[in-house]
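Each remark here refers to the structure printed beneath this line.
By letter and in written order, the chains are A, B and C; residue numbering begins at 1 in each of them.
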Amino acid sequence: MTTYGRGLRGLSLAAAATITVALALVFFYAPLDADQGFIQKIFYIHVPLAITALCGFVFGGVLGAMYLRTGERKWDIRSYVAIHMALIFGVGTLLTGTIWAKASWGHWWVWSDPTLTSFLIVMLLFATYQPLRFSIEDPERQSRYASVFAVVAGAFVPLNFIAVRAAQQYVHPRVLTLTGGNLPGSMRLTFLVSLVGIALLYVTLWKYEMAAKSTRMQVRALRRALLGEDSVAPLKRSAAPS
Amino acid sequence: MLRDVSLQVPAGSTLAVLGRNGAGKSTLLRILATLLRPHAGDVLVFGEALPRRGFAVRGQVGLLAHDPLLYRDLSGRENLSYHARLHDIGPDRVEEVLEAVGMRERADEPVRLLSRGLVQRLAVCRTVLHAPSLLLLDEPLANLDPAATELVGPLIGRDSGATRVLTSHDPQAALAEADVVLGLEDGRTAFVTSADKVDAAAVKRLYV
Amino acid sequence: MRTVLTVLRKDLLLELRGFETLPAMILFAIVTFVIFHFGLNQDTIDGQLAAGVLTVTLLFAAMLGINRLFVAEREQGGFDAFLLAPVDRSALLVAKATALFLFLVVLEVIAVPAFGLLLLGPSLAHALPGLIAVLALGDVALAVIGTLVSAIAVQTRARDLIGPIIGLPLLLPALIGMARGAGPLLVAHGSSSPPGKWVAILALYDVVFALLSYAVFDFLLED
């Protein structure tokens, strides 16, 4: 059993430190946007959240593929945690996105924005992940089907962005272009620190949840071994792999 | 759920699996048919390990279970032709098995119009179509009248020459045909013996 | 290949016997056109609006077909029959997707002229070649994703619900491609060939998901 707890303290500290530095930079270092004012600074949270969520989904797909390849439950658990963390970060993205949209464009939702729309589609897709898991009772089949879903949905993420971007005019500020970004220096630094901070936060939370689940499973296995089969109550039907 | 089931069946012999409903008989058959994965332990069919070598085994196994596995809107002949093509067998074989169970005249009627006995005969046809060396028979004589029972004898009975694993609601009937007997209780082995050494009391206990 | 044809033949035969799915899809499409006529309160529509209406209608008609795709297997134990045969299991995916594709083609042969008659303003004639190309690519996407999603759904408890809720978001890029590809064609004096960008996106989508589905399908069938 891999110990997820190892290195967790260091990771947490690193994440906390980076986020603190990022916040400091956001408030004191990054320039105030001429058009949008202070609210523009939500960009430093919104975009890293978006990028991390999307990478999280793709990461979940990769982990799902590993489960299909090896059949070891641990990959399915990792995939599950990756996706449901990414979903949480995704909800954060949508919330910060709408706040920003309202503040800078005056509308809570703008259809003409390809990035928001793509993101919404991806979220709609991944929102079905847990209902799908929940509706399959046999645990091995649940893991297998969830992994198939994770792989297909993970491949879907980049494809979706290509399609939607091609479809719409560019209202969303194009911060990251293929040439690597057109941010002025001070903004770029703040953005990068923020991105690293949020990515670290994701990894830390992922590890925490993996550690918690793994520990729980080990406890159950030990109890079963020491006290016999009946001492451990069977788990209720759930969407989470156990 | 099956646990701690361990035995060997020599080729050409018949294994009878006894036990109550829910004891795990059907599960065992499905594992041997490569339809279910064994989670632990070794399952070897004709020397091939399951589940890894499942595809090597499939063509040699015939399963006759509760579900006849026939499409109700198609006729008997169409169903068998479908299976024949899946197993890469020519149409003559289809006629041969239909003849053997006395179904040639009624083979063009949709299956949903046939009585359960006739459907069972077609199911037997489907099972032996590809001349499998291992027959997995879950209540094979269900719904069959004595005439039909006689007809299917050469196909799935002891004379067929195949290795057979069979279950039956009637333990005496199963014991009459068996070489080896496995008794299952709640997914675990109650006993494994050769047929001549079977303890009648132990059999009775299984069904209590 | 032989397996694909065998399964396909069986499915087409079953549909011919039962004749439920295809008529339902066609009827649904036509009724939907009527609903749109009243809902939009317009005698004729053209351009992007028309393309959107057509795409959405075809999509929902396709959903009917998708829900029914594995119904014979589910109800008549057919999965086991296939699983017991010494064949490549991905052939089932190819066969079912082909069957669905054929159903969609038949659907469109009837529904598109009906659309031209009931709702579309400009004539279909010049748009037809381009439209056929766009619809064909879109049908491949619907067929592949539809089969994949249907195979997943058939093993879950909420069968008829899970299929659409997973399938619709997955299909969105293809639907966008279909609608945007057809839009410029459905105008009076419009072009005869669809915008290359959308054909490319549809083709890319088809290739990626066809390959991906083929790779993962095996995992859905084993037990």
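Note that in this section a residue touches a chain if its C-beta (ideal position, glycine included) is under 8 Å from a C-beta of that chain, and two chains touch if they have at least 3 such contacts.
Keep in mind it's a predicted model, so treat the numbers as computed, not measured.
Enquirer: With centres defined from CA atoms, tell me which chain sits nearest the overall protein centre.
Expert: Answer by centroid distance: C.
Enquirer: Centre to centre, using CA atoms, which chain is the farthest one from chain A?
Expert: Between chain A and every other chain, the largest centroid distance is to B.
Enquirer: Taking each chain's centre as its mean C-alpha position, how far apart are chain B and chain C in Å?
Expert: Taking the average C-alpha coordinate of chain B and of chain C, the gap between them is 40 Å.
Enquirer: If you average the CA atoms of chain A and of chain C, how many Å lie between those two points?
Expert: 32
Enquirer: Centroid of chain A to centroid of chain B, CA atoms only: how many Å?
Expert: 50
Enquirer: What parts of chain B, by residue number, touch at least two of the other chains?
Expert: 37
Enquirer: Quick check: what residues of chain C touch more than one other chain, meaning two or more?
Expert: 222-223
Enquirer: Contact residues on chain B for chain C in the complex?
Expert: 33-37, 51, 55, 58-59, 61, 63, 65, 67-74, 78, 82-83, 85-88, 110, 126
Enquirer: Please output the residues of chain C touching chain B within their complex, sorted ascending.
Expert: 2-3, 6-7, 9-10, 13-14, 17-18, 72, 76-78, 80-87, 222-223
Enquirer: In the complex formed with chain A, which residues of chain C make contact?
Expert: Touching chain A: residues 148, 152, 155-158, 162, 165-166, 168-170, 172-174, 176-177, 180, 197-198, 201, 204-205, 208-209, 212-213, 216, 219-220, 222-223 of chain C.
Enquirer: Going by the contact rule set out above, which residues of chain A touch chain C in the complex?
Expert: Interface residues on chain A, with respect to chain C: 68, 121-122, 124-125, 128, 131-132, 135-137, 141, 144-145, 147-149, 151-153, 155-156, 159-160, 162-164, 166-167.
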